[in-house]
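A short write-up of the structure that comes next.
Just so it is clear, A, B, C and D label the chains in written order, and each chain counts residues from 1 on its own.
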Amino acid sequence: MTERQDWEQWDLPTEAWLRSERGSEGWPRSLQLEVTVRVLFPTVLVFSVYLLLAGHHAPGGGFSGGLVAGLAFVLRYVAGGSVELASAARIKPPAVIGAGLSVAVLTALVPVAFGHPVLASTHWEWHVAGFGDVKLATNLFFDIGVYLLIVGLVLDLLRSLGAGIETRDLEREQERERRRAEEERR
Amino acid sequence: MTVDVTTAVLLGGLYGVGFYLLMQRSLMHIILALVILGHGANLLLQAAGGPPGGPAFVGIVPAAAMSDPLPQALALTAIVITFGLTTFLLALSYRSWVLLGHDEVQDDIEDHRLRRRELGEAEEAGR
Amino acid sequence: MLIAIAALVATAAVLPAVARRWGRAAFAVGSVVVLATLGLALVRYTAGYRTESLAWAPVAGLEFTVRLDALALLMTVLVSGIGAVVLAYFTRYASRGEEGIGRDAAVLVLFAGAMLGLVLADDVLSLYLFWELTSICSFLLVGGNGLKGEARRAAKQALLVTILGGLAMLLGLILLGTAAGTFRVSELVASPPGGGVAVAGIVLVLVGVFTKSAQLPFHPWLPAAMVAPTPVSAYLHAAAMVKAGVYLVARLAPAFAERPVWWVPLVVIGLATMVLGGWRALRQHDLKLLLAFGTVSQLGFLLVLLAVGTYTAALAGAALLLAHGLFKSALFLTAGVIDTRAGTRDVRELSGLGRRWPLLAACATLAAASMAGLPPLVGFVAKEAAFKAFTHADPRSALVLVGVLAGSVLTVAYTLRFLIGAFGGRGAEPGEVGRPGVVLTTAVAVPVAASVVLGVAPGVAELLAGDYAGVFGAATYHLELWHGFTPPLLESAIVLAAGYLLYRRTAAATRAGAALPGVLDAQRGYRAAVVGLEALARGVTSRLQTGSLPAYVGIILVTVIGVPAVGLLTGPIEQLSPRAWNSALQLPLTVLALAAAATVPFARRRLTAVLLTGLVGYAIGGVFLVVGAPDLALAQVLVETLTLVVFVFVLRRFPPAFRRVERESPLRHRTRLVVACAGGAFVALLTLVFSSLRERPSEAGAAYVASAKDEAGATNVVNAIIVDFRALDTLGEITVLLVAATGAASLGLAARSARRRALPTADGDRGQREDEEVTA
Amino acid sequence: MSTLVALPVLLPLLAAALSLVAGPIAAVQRVLSVSVLTAIAAVAGALLVAADRGAPVVLRVGGYAPPMGITLVADRLAALLLLVSIVVMLGVLVFAIGQRASDHGPRSASVAFHPMYLVLSAGVSLAYLTGDLFNLFVAFEVMLSASYVLISRRTNAPRVRASMTYVIVSLTSSLLFLTMVAFVYAATGTVNLADLSGRIDALPEGAKAGLALLMVVVFGIKAAVVPLHFWLPDSYPTAPTPVTAVFAGLLTKVGVYAIIRTQTLLFGEHGDWAFLLAVALLTMLVGALGAIAQNDLNRMLSFLLVSHIGYMLFGLALFTVAGLTGVILYVVHHIAVQAALFLVSGLVTRHTGTASLRDMSGVARTHPRVAALFALPALSLAGLPPLSGFVAKVVLLRAGAEVATPMAYVVTAAAVLTSFLTLYAMARVWVSAFWGEPSPPVPDVDPTDEVTVGTGVTSKPMLASAGGVVVAGLAVAALAGPLSTLSERAATDLLDRGPYRAAVLEGSSG
């Protein structure tokens, strides 16, 4: 009997597991975390660009790169809340997303102007003295579009589901809904 | 190109749990069900390519020993799509929580009204 | 003749505008146009015009083919002639400035066009088209402005019954046409199909006939439709629309008259309706209802005559068709005059009108005489022919003759009731009654005059009627006022005498009739059918449509599992010989993933469940890595991480623990478990079965490997596929992400904008504020 | 020429992206959406002409031959449905613009609507045009994801519940779709439809039947085939009018199209047609009875939508040229007519303030033009002559009679009965809502729902666009001659499979 009860309650909540903003003026900031993340942030971004460019020859690509970059912004947000996030990215996320898709679609359409089918690709190789071979494939632009879009997506999620939800006073919201429902009934 | 038993069992387990959770009333369970089913579907897609081989990198692995790259690409696409839709569903469940005050899937009101009229209060009460 | 139909439709389209400008003159315009079509038909017929065709949708077999033969011309005379009279009558029947003149005029003229199309059509589908068009016109005319509940109900009933019949007829005609290999009526009649399909087709067509021509048990819609303005009743529900069924029988009889499936139902139902309709007419107090039941009765008579397929019967039928249209429209128009000018049409309240309006009374008496079958009117001539047609020695004819005679007796009785009820009596306070006026009286007089002319000179009627009847054999009988002392004359005399006696004993007869069981009340049958249909609909829907999402999902899963499984079992399943595993590393990952997944349903805390699901994801990522899909593994791990982050964002607002559900019924729980297990097993099995079907690696996969470096400039083949070979997939996929982000934003930020909206704003433009908010 | 095939997909995506970049500026959004949809309609027309003149127009995306690359194929069927769909979407778009302008003022803009609507049109176009099974999955996801956002915008309590039902069922169907794709790939090693068409022929009978039924069932969820339809009447009616109209008009048809395409191209005469006939029968009757049981106008229309999906399955299950001709005509007719009905229903509910048939009355007196706009598509849906539904129905009935099996006769009779039940439902609406004494508008009971109900004002663009969609339905009847011969040619192609396969597999790219 007791065993069964234990099984049923094995993961009942015993403590609050998420920091809450409720009742305080802002995000409870932790200097240590913030500083660490600020240092880490550019490094992770550079790594994400590496993933984007290396995608042609190693695991990676626009997706993985974009996701890694996005996770960098997530770190900033977790460390410092929306204030911190705002200092990292000032542009509107929907615009970034739109730009990403625009780049991708334009990459699809440009070959048509040169008499190729939609989404056709070409690639060139140059030898640059002292640097090595440089390869450029037009489909890289497509990957850049993907990268941009994913970064924009993560930023947008941080804005809407991250910052959008946390600062809301849910209780008051629901109280109002309830009152409205009562008024309707009357 | 028969899939190995271990993968098949894993797929069966994932789909089974997914289906079970999908038929719950709690929205969170349903979302988790869709996530788990998504994992299952992606794995299935990957497994559909045939027996595994080396990673598909030209010049590193001989072509004959490579795993089929196409289902991987398809699965990759599917993973990202599932992710996007999961986030949307989460946002919707949040909205539902705000508006309804709970996160359970409720029965349709009009259907209910018709049922009540037709089948009588007794049966409704017995449910 | 197509131009005539088109002209009527076009006229109908402009009449509302005419009515807005010139009021009741719209009816006059309509009348002239309708009359012109009659003239056109006569000219064309004498000029030897036969057919004309206009293709609409040949693949569908839809074309407008018109054919003007004797029967069609006969009907055209009725449709256009009486149409013109009724429209002229309407110019004075309607009050000046009355609402709805434009609508009524337009729909009446449209109806004339549809009816003309119906009788001229030589193509079964265009015949059906015009058939239904007349039903819709009837619906609109009966319903009127829709303010009266009674009118609404009557209109709906008429529509439902006639359309149901029409649809049955359509199916029947299609069956017949398919069996015969032609959709031309003339070809169908020339070489009628046989076999079981033809039987079904004939029965279905007859359902259409019975509904349209108000036969038992469908007839109640016709008396109910009497709420329509009287000219409408005179035209649609006496002269034209209800004749559509009769017309169709006349049209198809040459093909099917031999077959019992054709003539038995027609004769039995026709006679039953003739007697019952006459009986019911005898009991009415309302002049219009009396006439309506009389119409029901006469339609039964017409069907009997036209169904049996002998020369004399067909001749009688065609003549009576004409006669009935003439006298019944005259009588209805008379009833209309009485109704509007005397303020009532209840025979118990009317008195002394005969002396006030001698001219109208005389006209009405002549029309009634035609209905009762008195010489020298066309009704008499037709009835003589009808009696003659069945005065034979064989038992079948004798039986029919008895029925026809009984019906005729009733006809005489209710005719007397009508005439004496409307015009008899001394008239206590005649001062309150207005004048009928010249137009109205003339409109009544025109068909009456025609009745007299055709009675005196029956040869004119025989021109067309005889021509039609000719398809059944050589002319053995002629329409004459005087045949000498023949059995039919004796029968006529008996009928008249018996009818008079019955009229005198109406009260006693009515009492006897009241004892008839209510089962025979067909109106009750209609109501029961409607109530039954609605109850069936509610019953089925409330049982199926549970409104419960888990149930819906369950049904979907069961279907998706069950249906293909059945399909799979239709063929042999080959022996499966799968390997246990491909890489030993799979085993721990599989165990981990399965254990984590299986724990999720037991988790009490939301976060636990989410983390366990995340664990499943990472384990799958591990599997991807093991089986040689590093890109997939990388994406899986990154996506899983981000998914967890988003989950945590949202979970912050939910209570930590799942709500404890009250114990659900064990049956339901077990069902869910069984479906889930079956589903899992099914997927596992199908994976094995389908993957065992392929022997060789995918050619597409090999092609990608071969051309990745040269074509896409990438050595990572998976990446090459994503950004190059199948970039269109990727484009779609990032579009989904764009959509998801936009959607999540509009949902996540909706709460904020809702709050802003609740605050009082200076400009009061709530929507705009919200949108600024969402963009910000 | 072949580049044109990609434009119905790429142009709206580009426009959606630019619209997001530009932000919610009413004028930009409107001009962008309307001009892009107009352009696509023209493209679709050109494709139809080209496909009808010769072989299907094929684009090998990126220049890669199948089975490597994705091919876009505009054959007669795809081009025809694309044209009709885009024209109806354009009409609904104008309605939506008019509605927003009259509710919120001419300069008000919404962030999500226009981009999502454009994405939806891209998804629909891609679903029609793609010649690749996995790409079809992507097309469905593009289309559905946009539909999720559209249906859950401006949520209030009933709407969030309805959109939940919609989203969850659709996501379930998507995952099942993905599972099905995986099975197909496991069995054949390709996802190109033309390539598959040959490979599936080589599979053993049981596997073929299993796959065929799996596809029917998976697409059947989206097409709302009984018993997979329950979600539809619970989710469509609460959405804003333009959304419901475009969903009802198009999304179910895309499901039907997917069934037609896969069953004819992949399985041919091996399909399980008796099963489909039975499903068609059930769908017709259950839907029609459901409609009669409803009191809410929009719910009733939703059930009728389900019911008339049965007609389309019926024609397909006959699997003759005549049957498929009927299906194509029926789909074309139904796209226009069902969308028109929901638009007009939206107008009606704006005036009466309620969708409950018991509470509304006398609309024909107060708004005769709205009444006329309702009557035409309603009669057309009931298959009354001389409207478009009649033409399509006659072709189907004739096809059913020609097949001449007992089951075909039964379903043909059921089709006629369904037609009657539809008319019954419509007559009830007409008598109770349009006739009678005008009832005072029900006051707006839900303050959170500020858009659709009871504002009472119908701007000219709304009326005109609703009228335009109604006219589109009438045009189907007026053009029945050329349309039906075109449909017949398309149906012949479907049965033949040869031209499609040849065009995709052998045709030159570019």
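Keep in mind that, in the parts below, a contact is a pair of C-beta atoms (placed from the backbone, for glycine too) under 8 Å apart; a residue touches a chain by one contact, two chains touch by 3 or more.
These numbers were taken from a predicted model, which means no experiment stands behind them.
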{"item": "Geometric centre: closest chain by C-alpha means", "value": "D"}
{"item": "Winner on C-beta contact pairs when A-C is weighed against C-D", "value": "C-D"}
{"item": "Length of the line joining the C-alpha centres of chain A and chain C, rounded to whole Å", "value": "58"}
{"item": "Chain A and chain B, separation of their C-alpha mean positions in angstrom", "value": "23"}
{"item": "Distance from the mean Cα position of chain C to that of chain B, given in whole angstrom", "value": "45"}
{"item": "Chain C, residues touching no fewer than two other chains", "value": "538, 541-542, 545-547, 549, 553, 557, 630-631, 635, 639, 642, 646, 649-650, 653, 683, 687, 690-691, 694, 696-698, 700-701, 704, 711, 715-716, 722, 724, 726-731, 733-745, 747-748, 750-751, 754, 775"}
{"item": "Contacts with two or more other chains, residues of chain B listed in rising order", "value": "1, 3, 22, 40, 42, 44, 47-49, 55, 57, 70-71, 74, 76-77, 80-81, 84-85, 87-88, 90-95, 98-99, 105, 108-111, 114"}
{"item": "Contacts with two or more other chains, residues of chain A listed in rising order", "value": "57-59, 63, 92, 94, 97-98, 100-101, 105, 108, 119, 121, 153, 157, 160-161, 165, 170, 173"}
{"item": "Graph class of chain-chain contacts, one of line, ring, star, complete, other", "value": "complete"}
{"item": "Complex interface listing, chain C residues touching chain D", "value": "55-62, 125, 128-130, 132-133, 136, 139, 143, 145-147, 149, 152-153, 155-156, 159-160, 163-164, 167-168, 170-171, 174-175, 177-178, 197, 200, 533-534, 536-538, 540-542, 544-547, 549, 551-553, 555-557, 559-560, 563-574, 683, 686-687, 689-691, 693-694, 696-701, 703-704, 707, 711, 724-729, 731-733, 735-736, 738-740, 742-743, 745-747, 750, 754, 765-768, 771, 774-775"}
{"item": "Residues of chain C touching chain A in the complex", "value": "602-605, 607-608, 630-631, 633-635, 638-639, 641-642, 645-646, 648-653, 656-657, 711-716, 719-720, 722-724, 727-728, 730-731, 734-735, 737-738, 740-742, 744-745, 747-749, 751-752, 754-755, 758, 775"}
{"item": "For the chain A and chain B complex, residues of the former touching the latter", "value": "57-59, 63, 153, 157, 160-161, 165, 170, 173-174, 177-178"}
{"item": "Contact set on chain C toward chain B in their complex", "value": "538-539, 541-543, 545-550, 553-554, 557, 576-583, 586-587, 590, 593-594, 597-598, 600-601, 606, 609-610, 613, 616-617, 620, 623-624, 626-632, 635-636, 639, 642-643, 646-647, 649-650, 653-654, 658-659, 661, 672-673, 675-677, 679-681, 683-685, 687-688, 690-692, 694-698, 700-702, 704-706, 708-709, 715-718, 721-722, 726, 729-730, 733-734, 736-737, 739-741, 743-744, 747-748, 750-751"}
{"item": "Residues of chain B that touch chain D when the two form their complex", "value": "1, 3, 22, 27, 30, 34, 37-38, 40-42, 44-45, 47-49, 70-71, 74, 77-78, 81-82, 84-85, 88-89, 92-93, 95-96, 99-100, 105-106, 108-111, 114"}
